[in-house]
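The following pair of complexes shares a single chain, chain A, combined with chain B in the former and chain C in the latter.
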Partner chain A sequence: MAGFLVRRALWFVLTLWAVVTLAFFLMRAAPGGPFSGERRAAASVEAALRERYHLDWPLWKQYLAYVGPLELGSRGWIDGDGSDPFGGVLAGDLGPSLKYRDFSVGEVLAQSLPVSLELGALALVFAVVAGVGAGLCCALRPGSKLDLALHWGSTLGVALPGFVLASVLILVFVFLLPIFPVAGWGRPSQAILPAIALGAPVAASIARLVRAGMFEALGQDYVRTAIAKGMPVRIVVLRHALRQGILPVISYLGPASAGILTGSLVIEKIFFIPGTGQHFVNSALNRDYTLAMGVTILYTALVFFLNTLVDICYTLLDPRIPLEEA
Partner chain B sequence: MGSPAKARWDLDTAPMEQVLKKLAGRRSQGLWAIAWARLKQNRAAFLACWFLALVGATSLLAPALPLPSPIVMHAIGEPVGPQIAWPAAQGKFKGEYWALSSIDRELVKLRGKAFGTWQTPPLLGTDSKGRDLLSRLIWGSRTSLFVALAATLTSLIVGVLYGAVAALSGGWVDRLMMRVVDGLYALPFTFVVIFVLGLVGATHSLAGLSRESVFFLAIGALYWLSMARVVRGQVLSLKHAEFVSAARAGGASMGWILAVHIVPNVLSLVVVFLTLTIPSVILSEAFLSFLGLGVEPPQVSWGLLAVDALEAASPLRVYWWLIVFPSLALATVLFALTILGDGLREALDPAALGRGVLR
Partner chain C sequence: MKVLEVRNLRVRFDTERGPVQAVDEFSLDLAQGETVALVGESGSGKSVASLALLGLVPDPPGVIETGEVLLGGENLLAASPERLRRVRGREIAMVFQDPRSALHPLLPLGLQLSEVLEVHEGLSRREARVRAAQALGEVGLSDPEARLDSYPHELSGGMRQRAMIAMALICKPKVLIADEPTTALDATVQVQILDLLRTLQRQYGTAILLVSHDLGVVARIADRVQVMYAGRVVEVALAEELFDRPLHPYTRGLLASVPRLRGPASRRLESIGGAPPDPLNPSPGCAFAPRCGFVQEACRKQRPPLSGVPRAVSDVLLVGGRRSACFERERLDLATPGTAADRSAGGPGVEEARDSGRSRP
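Take a look at the complex of A and B:
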């Protein structure tokens, strides 16, 4: 276990370094800059701004300053007033946002991340509860009308993108039957529609996995034995079969959380939710270099962390499976 | 000492000849013939297949169909619901498009000859700028399906070549190439793609590539990794399969083995993978266009139609057709593709071959 975590940590550092480097140079290679937007300031103002954020440095100096707590400025290695604009990623400082002038990237993320995490967690809970429930219903009454309806429904759910579902939900539950508010964030009633729209595709996949997994589990000898010795079917299903039938779901949770993360970009836009997703898209478009880098680092870390967590859970549930060499 | 080859054939020539005589005139059923027969038995998958063929033909021939132009606007201020007749001012067809390819221009000329200025009424209504929704849906399907095919082909070519080269080389080349794939898997690729597309922006280009080619390459890059893995695994197991060893022992050349034994066997896997990839690519395109990172107006795609619908949505008037019809189009096509993919997977499953049709 310790060895696994160490290997994972090494991979994480390598991945993060690759992402930071790739993103950094790609962003600088792209035309335009943070201060060349529509409302362009005077040339002298722009030059002053570029100097203040050290965008006038050569790229390699900017890169070093961004990555490392090398304190290049105060050591006099690079020009300037002997100060560093910020500590650098390794010192845990993501720098000031170039667009939201009065905020640091850390502050912007600290404001928006809890909202995104809350929405994501709600969606994931909805997906697991609805998915496992629907899958169990199918597996318990195979071939019934309920099974057929749920099976086709889940196939449709896998095929439908979340934003299509979101617009249909808005149409029905906001405009036709005004039950929910149209958008915003803060009240519980504002979280229900986004969470459903975000979680539904995942729920559909989970339902399919549970259905297939339970069919296989219910055909096993130990299940037949348990039923033969007179145990109630309910207990056999919930205690014996479910433990095996749910395994594919656990391994799917990694891709599922990544899917919810990406899906949240769109869902947050539709429902005007002040989460991190908007910053991700907008900062790249606005050339807000530091914020874009910050969000990219955040998402990389999140995806990596979730995948590792899922791998560990998998081993805990089924000790026969060794932690893979990653 | 007689020739060993002759001696071997002498053993049971007679029964062998009888068997051959019996089988003469009967063609053996290849993998594809069996798969086709099995697919035909799966009614849902077969229907999906025909439905997709119909959608494909419609979107391919869109310029020649008597549809209104997808971009001509009318300042009416408000979307109009499904109607069976145009208001008098809008009844005549105006041939305005974005820059079309030469084939499409020919098709538009053909339309002019066949239908003149007649155009279909707004059967599905219009959007807030007076543009016909049916026309925009069909023209949008061209973009969505084209992106899907182009990106899938990119991932197919790169993935198959990469996987096959890794498997056939073996040794450290194989290990190195697969480590690279593992490493790329660890990257949150969707985010990298969104990031790159955000950088390319609306009118810019990146490293000399136009926005459109970056778009295709980026979506293709999302999917080639799995393709490379799948192909490598299959080629690796085929490399050591008995019938390949037999062919090699029989003196077949490497090219012959590749063409006759390995490619057809990998192909079935690739086809299944493709039918399952195309829906996810269509989803990605819609997703990226929705975020404003994909296709640019005045061109349309299904993702952009979804944006239009949401922008026109208001609590005062419900323009249901703008939401319902694009959703329905996207849903039915993706649904059909998923069902066809599932059906093909079952039909081509080697473990299930010999069941069902072969009786």
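Take a look at the complex of A and C:
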């Protein structure tokens, strides 16, 4: 376990470095810049800003200043003077936002990330509960009306984009049946519709995976053994069949969680939720280099963390798979 | 003492191409402590018949049409699902062919054994674990306490089947149905497992219904044998009698196709010519007629009944007596090399297997 975590940590550093480097140069390759909007500031102001954020430096030097440790900068190794706004990613400083100039990237993310995480967690819980429940219902009554209805519903759920579902939900539960508030964030009632809209496509996929997985598991010899041992249906299904049938869902949960977190931008926009999703798009459009980098690093870390978590869960559920090879 | 009685069991499979009579007119008696073997080739209905006893035939496509499975006078086929569930594992238990797939790969052995006790005897997890460790010890697993936390993939094939047997016998059932219990195992391990079954049978007085295609296995542990062909029982005999004096041409063919240890090494194995009948188009006559060397006109038109054989040794010993389903068995009996002189010239390998099995203490 310890060896696995150390190896994962090393891979994480390597992955992060590759992502940072790639993202840094790709961002700079895009035309335009953070201060070249439609309403341009005076040339002298722009020059001052460019100097302040080192945009006048050669690219390799900017890269070092962004990544490099603080000490190098303050010692003047790359023309730093201690008041440099870049502390360096290695020191845990994501730099200043070029758009929201009163905030550092860290501050911007610290404000919005908890909102996105909360929404994502709610959506994920909904997706797992609804998906596994629906999948089990289907698998236990194959060919029944319930199975057909849920199967049809899950196909629709997979095919239907979240924003369409969100619009339908708003139409039905806000305007036709005024149960939920239309938008905003902070009260529990405001979280329900966006969590459902965000989680529904994932729930649909999970339902299909559980249905297929359970069909397979219920046909296995060891399930017949459990029945021959006189196990009650509840134990046969939940302990013997689901143990196997849930494995594909576990594999799927890593990418699915990442999808929920990154996919939340549309839902956040529809429901006016101050999450990270807005920065994901806006920072790129604004050429807010540092914020875009910060969001990229954040999502890289999240996806990496979630995948590692899934791998650990997987080996806990299936003892035949050694963690060392996961 | 009779523990299990099966009367006139009929199982049908509704396949896409039409109904198939998988088991027809199947009857069986099983007394305490005895071993009855169901013998036949793949598709003869022996496995389906054994699964039907516990209501384990997959439905659909399987349908149990008629029949009674009497356990202590109670008809299990008419019992409620809940009642049947309580019989399974506690009064009638099963051991399956391949312990690799029949044990749950993701659950520790201890749980797979202890849950049986928790469900049937209401023991706590802790008490059940103690009993599970004892059970694993009784089937010869070393360090049984540590084995409770092992997973099936950490055990060898033989150990897995031992664990499977421990699991089946943990509630001391009256009847153990063993469906090809050694087929997936190495030859040396097979012998060990069969000996283990015999030992435990003596200890608990369990009746064993052994389902096998392997006459060597049957010779080693069966007291009585029912030979099945195309879903029907074609011969019933004491094991010794069956090997000495088969009274159905199919049994005779089966015995002839067993390799012999003594006798000329170059002798080719005999096989039964032809193929099993198409289950979708059963003939009105004897199902074995197209492959039979003794076939007469009557065999093709009318199905020979399973009837008692006069002057059979087992008449006194066997419930219902020695039976076979063949019109020509008198002729067959005369033609069968079953005398002592014949055997010394190259008795069938099954005899050797049986001799060595029986001579063990």
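The definition used in the following text is that the second predicted complex is superposed on the first by the 310 of 326 C-alpha atoms of A that agree within 3 Å, B and C clash if a C-alpha of one lies under 4 Å from a C-alpha of the other, contacts with A are read in each partner's own complex, and residues count from 1 in each chain.
The definition used in the following text is that a contact is a pair of C-beta atoms (placed from the backbone, for glycine too) under 8 Å apart; a residue touches a chain by one contact, two chains touch by 3 or more.
As the structure is a computational prediction, the values presented were derived from the model and not from experiment.
A.B. asks: Should the pairing of chain B and chain C on chain A count as a clash or a fit in the superposition?
C.D. replies: Aligned through their shared chain, the two binders fit side by side on chain A.
A.B. asks: Classify the contacts of A:Leu117 with the two partner chains as first (chain B alone), second (chain C alone), both, or neither.
C.D. replies: Neither partner.
A.B. asks: For A:Val67, select first, second, both or neither according to whether it touches chain B, chain C, the two together, or no partner.
C.D. replies: neither
A.B. asks: Quick one: is A:His240 in contact with chain B, with chain C, with both, or with neither? Answer first, second, both or neither.
C.D. replies: Second partner only, chain C.
A.B. asks: Between chain B and chain C, whom does A:Cys313 touch in the aligned arrangement: first, second, both, or neither?
C.D. replies: neither
A.B. asks: Pick one for A:Met27: touches chain B only (first), chain C only (second), both, or neither.
C.D. replies: After superposing on A, A:Met27 lies in contact with chain B but is clear of chain C.
A.B. asks: Touching A:Thr155 in the superposition: chain B (first), chain C (second), both, neither?
C.D. replies: Touch partner of A:Thr155: chain B, not chain C.
A.B. asks: Rounded to a whole Å, what is the shortest Cα gap between chain B and chain C in the overlaid structures?
C.D. replies: 10
A.B. asks: Under the touch definition given earlier, write down the residues of chain B that touch chain A in their complex.
C.D. replies: Checking each residue of chain B against chain A gives 183, 186-188, 190-192, 194-201, 204-207, 279, 283, 286-287, 290-293, 306, 309-310, 313, 315, 318, 320, 323-324, 326-327, 330-331, 334-335, 337-339, 342.
A.B. asks: Residue numbers of chain C touching chain A in their complex, please.
C.D. replies: 54, 56, 85-90, 93-94, 96, 98, 101-107, 115-116, 119-120, 151, 153, 164, 167
A.B. asks: Provide the residue numbers of chain A that touch chain C in the complex, in ascending order.
C.D. replies: Spelled out, the residues of chain A in touch with chain C are 220-222, 224-232, 235, 239-240, 243-244, 317-320.
A.B. asks: Touching chain B in the complex: which residues of chain A?
C.D. replies: Per the touch definition, chain A meets chain B at residues 11, 14-15, 18-19, 22-23, 26-27, 29-32, 155-156, 158-161, 163-164, 167-168, 170-171, 174-176, 178, 182, 258, 262, 265-266, 269-270, 280-281, 283-285, 287, 292, 296, 299-300, 303-304.
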